[in-house]
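Take a look at these structures.
In what follows, chain A forms one complex with chain B and a second complex with chain C.
Entry: the complex of A and B
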């Protein structure tokens, strides 16, 4: 040991063995810097902004909950909240169930399963622009794929992107196609964690395929189900690109999600304070939804 | 409640790798049979083929005369205890034990009674409402056995069930398994690479090596009259001593072999084998340590293993070969001592180049 190391060891001894060595803080400093400046600070700055009348050039007067009051008197914002909930309801259960189904079907060590796994995941790597372009080709009236299929049977295709009842469903279908790769992969990873001898024990216990699925497989991946639900809730509440690129929020604001509304308020109308308030509302909604899902899944789960 | 199991000309390959080669075996009802062998000898595969967890490439497996190798595992009337226990992690102990019975539609009251019986027998009654994650290794082991017992199978299959337990628990569970067999009188097949488990539990041991059966016999027959050099070396602690044979001569009472730096041991093996014998084998307890010059061969004590009730003296002979001798009681030897070794020729074994054994003509 060098003299300096010796000396340091003595200091540490004097300060007690558990005394923190502050030089270790250097190792976490880069991350702490990024966390503080890009995550923590904007979070609190956003809250602070939401209590002000502000634009991009100046922080105006403090108006307390004024922005929030305005928001909840804004029929379009309330419509956007409703739209977003509808969208989450359309996509999250479908994503979880389809992802689970694909994972169960493709959890095999065959070449075909490997190819199909990559195929189903491949849509996830596309950008939202490409995805919406593909699906606009499907949905577009007269020339789209659906139109072609319907005309084979001499039927009139539904106007998916302009019908008030169908527009959000079209966006949901697009989103499910785009996003199903991640839940599938998470479920596959969970399925592969189940030890094979448990299935062998079940086979010796005369369990049918259905009974094995319900009594062995599904309980074993319950935690992953919760994970998928929470991840997807958080992600799908933030719908923006698909709605913006496919319908611009129309018809009649029926596919306008919260994020699109925030974008309109803050970046097109330059009402940054109001936009910040709307963002906080979205943040609270996501937090509550994810927590509810988490708590619901915890019930009946013994230690 | 018990089964005669017949395995006839069974072969098995995984891809191009042959793991079982034309193997036949008959296990009478109520017998406790142990498949003993080193890793990769095919013993677990054979057990899993009887259980139905591996397909049979060639040959037949029958239980009570009825061919079962095409039946799914659940329809064969066997229960299996896995090395890792394979309990259902999200079910309670009670549900774990009831699962197999529920699947075949046994009445609820019967299930409850059988689970209660098994729990009492295995002393796991207080654990019935816990989940496997809350149990110790030994408790999980008991639950796994309980799950097999409640099914009242024709045959129990154990796949190295003791290898995940610590030494003390392993010894205790071994005795309990023997008692379980006494009580249930079911056919039991037990796979292990631990010869102590095999010797203590088995009515008969099936020693396997390299895809085939080396010997089938009672533990003492396997120990006293090993059929091959592999069996002789694999069974018994310490391992049997092997010495190269330099020459053999027929004598009226048996074959005399010349070993090491040319000392002779007069065995009672049939002299007809004189041309074939290549290796001399003798267990440590048949080698006696004597003062130098008063035995068959002289040597120097190299290592001394004191085991309390006895000691193992590793003695290096003049030609460099090391022979282990068993000293009963507290030895007065110390490392470096010059001693003589006396071989109990009645208990010597001779092996030919292919490993086939020759034993004393009279039972030792």
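Entry: the complex of A and C
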């Protein structure tokens, strides 16, 4: 054993394998170049832009926090922040709970369970454009599926996408339909990790199913629950396509999320400095949300 | 999904099972119904739908709308664009990630640790935080409305590097050392010895990248503003805004089904890889 390890160490030395050599960096250089020019540089350039008055063609004067001051005096932007939080609140708990339910219900080795798992994950592979196209034709008054169902019962269908109280809920339902596969799969993976003998012990003790679920299964997947929450919060904070394609942010900006606001000011009104500032605010919000969730999960682990 | 312990571990059926069963059936219907609705609309002739939207519930069902797609419209061009962009992105990502993954996992060079941490930090940066600056840079370089312009930003995604580094680390070092003894160069070891062993990871990353690229909406929407440069995702979006004035509901629905079908077929064949990659990207 030691002889072989020794020998290997000598080979490595002879080949110079472990000595730092700048030529080795040639392998990572292509990626690092792309990373530096298309991710790192734009990240800092974006911060720089947010301190300037800038349009499509030119970088104007430095105005310090001027753009940020403007943003937080802009009722529409504040509305967009509120909308985004509302949307996250509508979708993330629902995604986590439905995902968990499906994982528990479909964690079996039967053919039917396999088919249903595929079904619930299948919508996740569609693009946002197709998803919104499908769901518009669920919600719209004419040709809409819900309208047809309502009329079967002789009821007048509400105009889901133009009603101020319903529009965001309609977008949330669309999003849950689109995204529920991932939380389900993450919970399923966690359930597979629970050792089977724990359940055998519980069965020997004649523990009821509910009791087994509450005192064995749920505690074992607590970390996954936090993980799902973080992943979904970060993802749903970036709502854009559904709102842009289904309602254009209306009615009265009530479904306008932060990203749609960024798109509108930076790429339609070409107030680039202001758009950059708004995107920094979004970035900060996402980081804070992820951090809080992470800290909460750490504390939960040490009773 | 093998040897799954049932969450109960008990075989008896109780009233709880029926609640679970009923809920599962309800959710399955909720998943299926919208898709079936769209497919049935796509099989109806426009004039019949215009006269009576409820005609969707009974025959005749026809495939005319699908035939019309092949005869005209931008959809075929958009599909071609999407194929070029997705294939380009996938190959670019696999190449850069494999090279960098090998470098970070196996080779020593000054600053390796720090650089890897910086790259990992890149995983936390959302697209929106860099998109305004990126758009300006691409304007200056005149890259908008080109294939490179749509492809390049995705290549900076750090997930592939992270995945490939993990994978290379898991390969026993004895293999490199044996090759070193044969006086093989670094690149030859990478190309001939190690790369073939990473095929499962290449497949997972490749299919995942293809899917993300095919479905990407935000960057192509901003960068590809000319109709003939639209990807399928952007093109489909451009049509649904004014569907009432366009060629009709049945035709629009047929295009939706037609556009969704390729990716759905990919999903049916590569489901395992896609689930693995999407879970992996979420967990990191």
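Rule of thumb we're sticking to: the second predicted complex is superposed on the first by the 268 of 303 C-alpha atoms of A that agree within 3 Å, B and C clash if a C-alpha of one lies under 4 Å from a C-alpha of the other, contacts with A are read in each partner's own complex, and residues count from 1 in each chain.
Note that in this section contacts are C-beta pairs under 8 Å (C-beta built on N, C-alpha and C of every residue); 3 or more make two chains touch, one makes a residue touch a chain.
Predicted model only: the values in this text are computed from it and were never measured.
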Practice problem: With everything superposed onto chain A, say whether chain B and chain C fit together or clash. | Solution: fit
Exercise. Name the contact category of A:169: first (chain B only), second (chain C only), both, or neither.
Key: neither
Quiz item: Put chain A at the vertex: what angle do the Cα centres of chain B and chain C make there, to the nearest 10 degrees?
Solution: 80
Quiz item: Which chain makes contact with more of the residues of chain A, chain B or else chain C?
Solution: C
Exercise. In the overlay, answer first, second, both or neither for which of chain B and chain C A:215 touches.
Key: first
Exercise. Identify the partner contact of A:240: answer first if only chain B is touched, second if only chain C is, both if each is, neither if none is.
Key: second
Quiz item: Looking at the overlay, does A:267 come into contact with chain B only (first), chain C only (second), both, or neither?
Solution: second
Quiz item: In the superposed arrangement, does A:63 touch chain B (first), chain C (second), both or neither?
Solution: neither
Quiz item: Looking at the overlay, what does A:200 touch: chain B (first), chain C (second), both, or neither?
Solution: both
Self-check item: After superposition on chain A, the shortest CA separation from chain B to chain C (Å)
Solution: 8
Quiz prompt | Residues of chain A that lie at the interface with chain B and also at the interface with chain C | solution = 200, 202-203
Quiz item: Okay, in this complex, where on chain A does chain C touch?
Solution: 8, 11-12, 15, 17-28, 30-32, 34-35, 37-43, 45-46, 49, 56, 98, 101-102, 104-109, 113-114, 116-130, 132-138, 142-143, 145, 147-148, 151, 177, 182, 185-186, 188-189, 191-192, 194, 196, 199-200, 202-203, 209-210, 212-213, 217, 227, 231, 234, 238, 240-241, 245, 259, 262-263, 266-267, 272, 275-276, 279-280, 282-283, 286-287, 290
Quiz prompt | Interfacial residue positions of chain B with respect to chain A in the complex | solution = 51-53, 72-75, 78-80, 82, 84, 86-91, 99-100, 103-104, 131, 147, 151
Quiz prompt | Of chain C, residues touching chain A in the complex | solution = 1-10, 14, 16, 20, 23-24, 27-28, 30-35, 37-38, 41, 49, 53-54, 56-57, 95-97, 99-100, 102-104, 107-112, 115, 118-119, 122, 124-137, 139, 152-153, 155-156, 158, 161, 174, 176-177, 180-181, 186, 190, 211, 214-215, 217-218, 222, 232-234, 236-237, 240-241, 249, 252-253, 256, 259-260, 263-264, 266-267, 271, 274-275, 278-279, 282-283
Exercise. Under the touch definition given earlier, write down the residues of chain A that touch chain B in their complex.
Key: 195, 197-198, 200-208, 211, 215-216, 219-220, 222, 302
